[in-house]
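Each in structure tokens, the structures are laid out below.
Below are two complexes that have chain A in common, paired first with chain B and then with chain C.
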Partner chain A sequence: MGFLSNILNLGLVVAGIRIAIPILLAGLGGLFTLQANILNIGMEGMMLFGAWAGVFVSYMTGSVWLALLAAVGVGLLAAVIFGLFGVRYRCNIIVAGMGLNLFAGAFTMYLLRSIFRTRGSLSDPRIVGVPTLTLPVIDKIPFLGPLLSGHSLLVYVAFVLVAVVHYFLYRTPTGLRIRAVGEHAEAARSVGVDPARVQFLAVLISGAFSGLAGAYLSLAQLRMFVENMVSGRGFIALAAIYFGRGTPVGTLVAALIFGLAEALSMRLQTLGFPSQFMLMIPYVVTVAVLIVVSRLAAVPRRLKLPSFTEEARE
Partner chain B sequence: MWKNWKLTALVLALVTALTFTLAGCGGKSGGDAGQSGEQTQEKKFRVAYVISGNLGDKSFFDSGMAGMERVEKELGAEIKVIQSVNSADWEPNLEAAAQDGYDVVVVAASQMHDALTNVAPKYPDVKFVYIDDVVEGDNIASITFAQNEGSFLAGALAAMMTTRTELPGINEEKIIGWVGGADIAVLRDFLTGYEQGAKYIDPEVKVLYSFAGSFNDPAKGKELTLAQYNQGADIVMNVASGTGVGILEAAKDAGKYAIGVDSDQDGIYPGHILTSMLKRVDNAVFNQVKLAKEGQWKAGHFEYGLQNGGVGLTDMKVMGDKIPQEVRQKLAEITEKIAKGEIKVEHYANYKVGQ
Partner chain C sequence: MAQEELVRLEGIEKSFGSVRANRSVNLTVRRGTIHALIGENGAGKTTLMKILFGLERPDAGSIYYAGRKVEITSPQQAMALGIGMVHQHFMLVPSLTVAENVVLGHEPQQGLHLDRQAARRLVQEIATRYGLAVDPDARVRDLSVGLEQRVEIIKALSRGAELLILDEPTAVLTPQETEELFRVLKSMVAQGKTLIFISHKLKEVLAISDAITVMRAGEVVGNLKTAETNEAELARLMVGRPVLLRVEKGDARPGQPALEVRDLWVADRRGLPAVRGLSFTLRRGEILGIAGVEGNGQTELVEALSGLRSIERGEVEKDGRSLKGLSVAAIRRAGVAHIPEDRFRRGLCGQATILENMIAGEHYGMPFARRGIIDWKEAAAFTETLVKEYRIKIGSIYDPASSLSGGNAQKLVVAREFSRAADVLLVSQPTRGVDIGAIEFIHRSLVAKRDAGAAILLVSADLQEVLSLSDRILVLYEGEFTAELDPKTTSEEEIGLYMSGARRMDLRAKAGGISA
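So, the complex of A and B:
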């Protein structure tokens, strides 16, 4: 049993949380686009831009706060591009999203080479990371201390944002409008809501959150930029949103399950199980839970299949 | 068509230039006897370096270039570099170099496989030196590196250091780690050597290993490394390119140790990277060109290992006296034994050289 206690310990949970956060952050923004009935596959690119902007500004100014601001700003900028093509000019939303992802990968690579004259990765002591937070009293408690204290500041921000997003989505007029547009664009229009504008807003929110998620990767989990370092987390975030059926709490649960499954698979690998199967675990778990969830509850109409923005076009 | 035009123009320009040079020499020596005329016949030894990427990677291509610079200085050869990241340029570049009559054309890296297969048979007089992969041919020397031998040294070093609890961050447990990019045969070959090296020092040492499944996911590399530290490892070897930068950072954050790979990564987080396992492309390039100049060059497949300086560890200057003299001595001893063949380092069973 020695090896089990080596694996199933507090370190596993803490690692799970660290892995879940970028997915949670991107998912919290992305769920607005799902609620507004937009298939947002551009989060991957938005995150990569955010990761780049964070590292770049942190390196240049030495201020992590400016860096986070820049990451959110650049995420917004990427969202404007995605929104212009995908919502405003109604081009195929998959093409717009994939286009953004490819553009982000190539453009950040170009910037890395032209500004820093380096290939592959940029890690430098000048890059200031997001500080970690030690909670004063709690960190003395035996079990809860290491679980709750000593995380990166952005981890706490992410959990707070779950509540904020929940409030915004279900308790404010704008949140209601976003949900209404996704539920039935025609009905929303009949009471004077412009579906395209509301959808654009949803895309912008997603961009800001994705930018922050990217900065978490490059400034909190790591302190470096590596070409294509997002590595599919934008798509995992998309899965988490669907898994959580567009709700903030559901997305949180999905992100945590994925994070824990991934942390577990990393530890199982060292026991000598074939890496290919272990690397599958997080995805298999995600799919399995998705199936169970969809069986348990009747899926609302808008979540069955993305119908792009067709209704909004009328 | 355009490519051919460019090629034709290039060749014409070079031929013209060559004609003028020869004419110039001939003109000067014309009044004298035929003596200096004969000297110009004995033309300079010329070497081209054709690469499927750009210089400046601080790793593979730059290492090869360092070898080329030695060729220029020590062998007095004329060198030329042709670089392009664009796969459509590789074959024309190679063809241009071959047509231009270079004595030796050094070709890197393995992506040039098809280009070399097509070009080499057309120029039987040109000697091709192909780095990091194997193409068969009467005028091709294919060079691969014995990563298992270099990893053996890294594993031996890790096994010796994992019991030195006087170093901060080293625990009592005899556990060391290894994190790779994708689960492919070449990386398994690294692992085989690393494990064998560790067991050579102490059969009780346990080697944890995991694969990230990607070469550009530093966050995952970092988490995998932290997981191994969590399970008792205190030294983790990185064989994961972009993912590996996260491995090195994990060592710094956790106050533990890592081992770098391919290029000298010791200085990235000073004090946390014990050493780096190097592929000495420079040594291989220099050695091959030297053989060609001395007329002893042979076609075929050659593996550069410890005995001919193809792989090795850094001098561990950055760690200084934290790595004790006796450990360094033991490593030197092992290096000699491997070079002499007294220690036989195994390859991964499914690893075919030149794959």
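So, the complex of A and C:
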């Protein structure tokens, strides 16, 4: 009992939520691309650019707000590159995405070395992080206090965005058009909706969200930039979107599952379990969940054969 | 009393590469009439309408709408003028509701969000006005084809269409649904709308239209008043020579059973039962026609018999030997040939050459291959012979199959399948999208195969085809047979009743089930 409660406790849940946030943020934007039928594997690179831009602007200006703005802006810029190649000029979307990811890794590394003359990582007291929020009253309540209060501002923003994205996707004309384009582009075109424009818009939304997700990593979780610090979260976000079938709430659930899995893996490592195996947990969970989801989607309802007695009655 | 003119096309020219799809075409449509545009496939009807709707730009010529000369460069512009089009393939998003589909692209807004109430009201209003009853909150994926078509019409009307172009609207409907559609069309015209009705079904054209324009090979060859013409004249104009609308054939002499199907169950793509316990016997020397509205299990039935789809339950035997669970190749080796409904998806490989397509399936053995090496000379000689015999119009046998027109592509499939030593032929929609000349040819070939002792299963959405070719007709409705009919004594109307499930024979009661 004591051993288990060492592993499974409130701290694990809180850690899980915090790890889930960048996946959730990127996923909320990325689900627009899934809905618009764009395979967006460029989120990894967009996030890295966002992480870099956040740290850079925070370091230079000392303003975390400008830094967040810059992260979103640079995420958008990365999305423009991805959109130009992948949507506007219709080159292979996988190549466009991989290209963006490789470019982001190399270019941020280059900037780090040429501007700061340093390798590996940049941490400096001048980098201002995203403030945390202490909720009055609630933080005094046992259990709920540590669960709900004291998180980074972006954690609350992310949860609010779930509702915003849901509203936008299902209640606005633009949301309707995105869903229509993703399912039947020709039908949309025939009523004067330009599929390429709508898809580009979806990519842009994804870029803005990914930029913010990157900034969360570098300014809320760490307050430093590390080369290739996104390390697969863009892809996990993609998995979360598929798990959630492109819905905001589904993506939230998926991000939380993945966050908890990673928190669990970290917890088990500190308790002396072999880290080689524990590090695998988030990825094993990702694969397992995706298999379960695809089975659920693919398994046809059993062929219903009416019994002959039933037929004979007619 | 001549109505005022609404549309005038003058000297329209349009070429695609070396093909002249429209040659100085003139067309005048009067307000408040139903104007039929008829012609064989490839005659240029659809191209002309695409030009009017802004989907294609003419190389030369002018368009006048309501007395003004207009340039139509996009469908949006056409819609702004008041021109709407109901495409042959519906442009609807399945997972969205009827109302959402109708307002897509011109959504009513209330503040930031979509005004669903207004969208619903819009649908209701148009539906009531023209008798197009449909539930605005239903998801399009749950609708029947007939209802989907209504949604398309509502969509066009909701955009203020005064002139509505209907591209082969009855191709997917039962006779009863067609009647319903005609009722709606008449009520639209009574309320001042103008309709252009593209078709190649002469009977329907005669029943519904006020005026008829006939096109052939890109040119207008006739402008007629419906009241002053008849089926024979229209057919002659369309083809340029008198056509036999009935297939000449002698009586069938059914022989031994070739294919026995017992209690066959097949699932569709989604895993739902599409074929529900079908039993029948196909004999040598007969053409067994399967009539039915598309989507009632025909595709699944033929795919199961040819090995493309797995059989959930039941038995299929050819000459006493079970075909169940065999691969496509094994079934073909057992003497079953298959002309699939979609020649470019199943029947041919578009990127491969005509030669490669012609030997496909036999390429691994004699006489086309020896010890695993293809004898291209032998294959080319074989292909050239068949191309000549079936009069397939091609550039070279080394051109890709995708370069062929619909009719010639179909002839290629027919030639390949007929050249196999097969005595059971599964034939699906053999003449869809094929010109009348090729239709005659394919029909004669099928009858010749029958007379040579082959057993032929014919699936067609074209009732006239089923009626004129078959020796026996089974009507398929929701995966079950609702009737067995004799083509000599039945009529399109009677078949239609069984096709829509309105009537049903008690086939189980028949001694020995359904067999000849």
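Convention: the second predicted complex is superposed on the first by the 291 of 314 C-alpha atoms of A that agree within 3 Å, B and C clash if a C-alpha of one lies under 4 Å from a C-alpha of the other, contacts with A are read in each partner's own complex, and residues count from 1 in each chain.
Convention: a contact is a pair of C-beta atoms (placed from the backbone, for glycine too) under 8 Å apart; a residue touches a chain by one contact, two chains touch by 3 or more.
Everything numeric in this text was worked out from a predicted model, so none of it was measured.
K.L.:
Name the contact category of A:R119: first (chain B only), second (chain C only), both, or neither.
P.N.:
So A:R119 only meets chain B here.
K.L.:
Tell me the contact category for A:V293 with respect to chain B and chain C: first, second, both or neither.
P.N.:
neither
K.L.:
On the A-aligned overlay, A:E186 touches which partner chain: chain B = first, chain C = second, or both, or neither?
P.N.:
Second partner only.
K.L.:
Under the stated touch criterion, which partner chain does A:V285 make contact with: chain B (first), chain C (second), both, or neither?
P.N.:
neither
K.L.:
Return the chain, chain B or chain C, that is in touch with more residues of chain A.
P.N.:
More residues of chain A are touched by B.
K.L.:
A:L222 contacts which: chain B (first), chain C (second), both, neither?
P.N.:
Only chain B; A:L222 stays clear of chain C.
K.L.:
For A:L147, select first, second, both or neither according to whether it touches chain B, chain C, the two together, or no partner.
P.N.:
A:L147 sits against neither chain B nor chain C.
K.L.:
Between chain B (first) and chain C (second), which, if any, makes contact with A:T172: first, second, both or neither?
P.N.:
Once the two structures are laid over each other on A, A:T172 reaches chain C alone.
K.L.:
Quick one: which bits of chain A touch chain B in the complex? Just the residue numbers, please.
P.N.:
6-7, 9, 11-12, 15, 18-19, 22, 117-121, 123, 217, 221-224, 226-229, 231, 262-263, 266-267, 269-270, 275-276, 278-279
K.L.:
Sort out for me which residues of chain B touch chain A in the complex.
P.N.:
54, 56-58, 177, 183, 208-211, 213-214, 216-220, 222-224, 226-228, 230-232, 241-243, 245-246, 249, 268
K.L.:
Which chain A residues qualify as touching chain C in the complex?
P.N.:
So the residues of chain A in touch with chain C come to 167, 171-173, 175-177, 179-180, 183-184, 186-188, 190-193, 299-305.
K.L.:
Residues of chain C touching chain A in their complex?
P.N.:
74-76, 79, 87, 90-96, 100-101, 104-107, 109, 112-114, 155, 159, 265, 267, 270-273, 312-313
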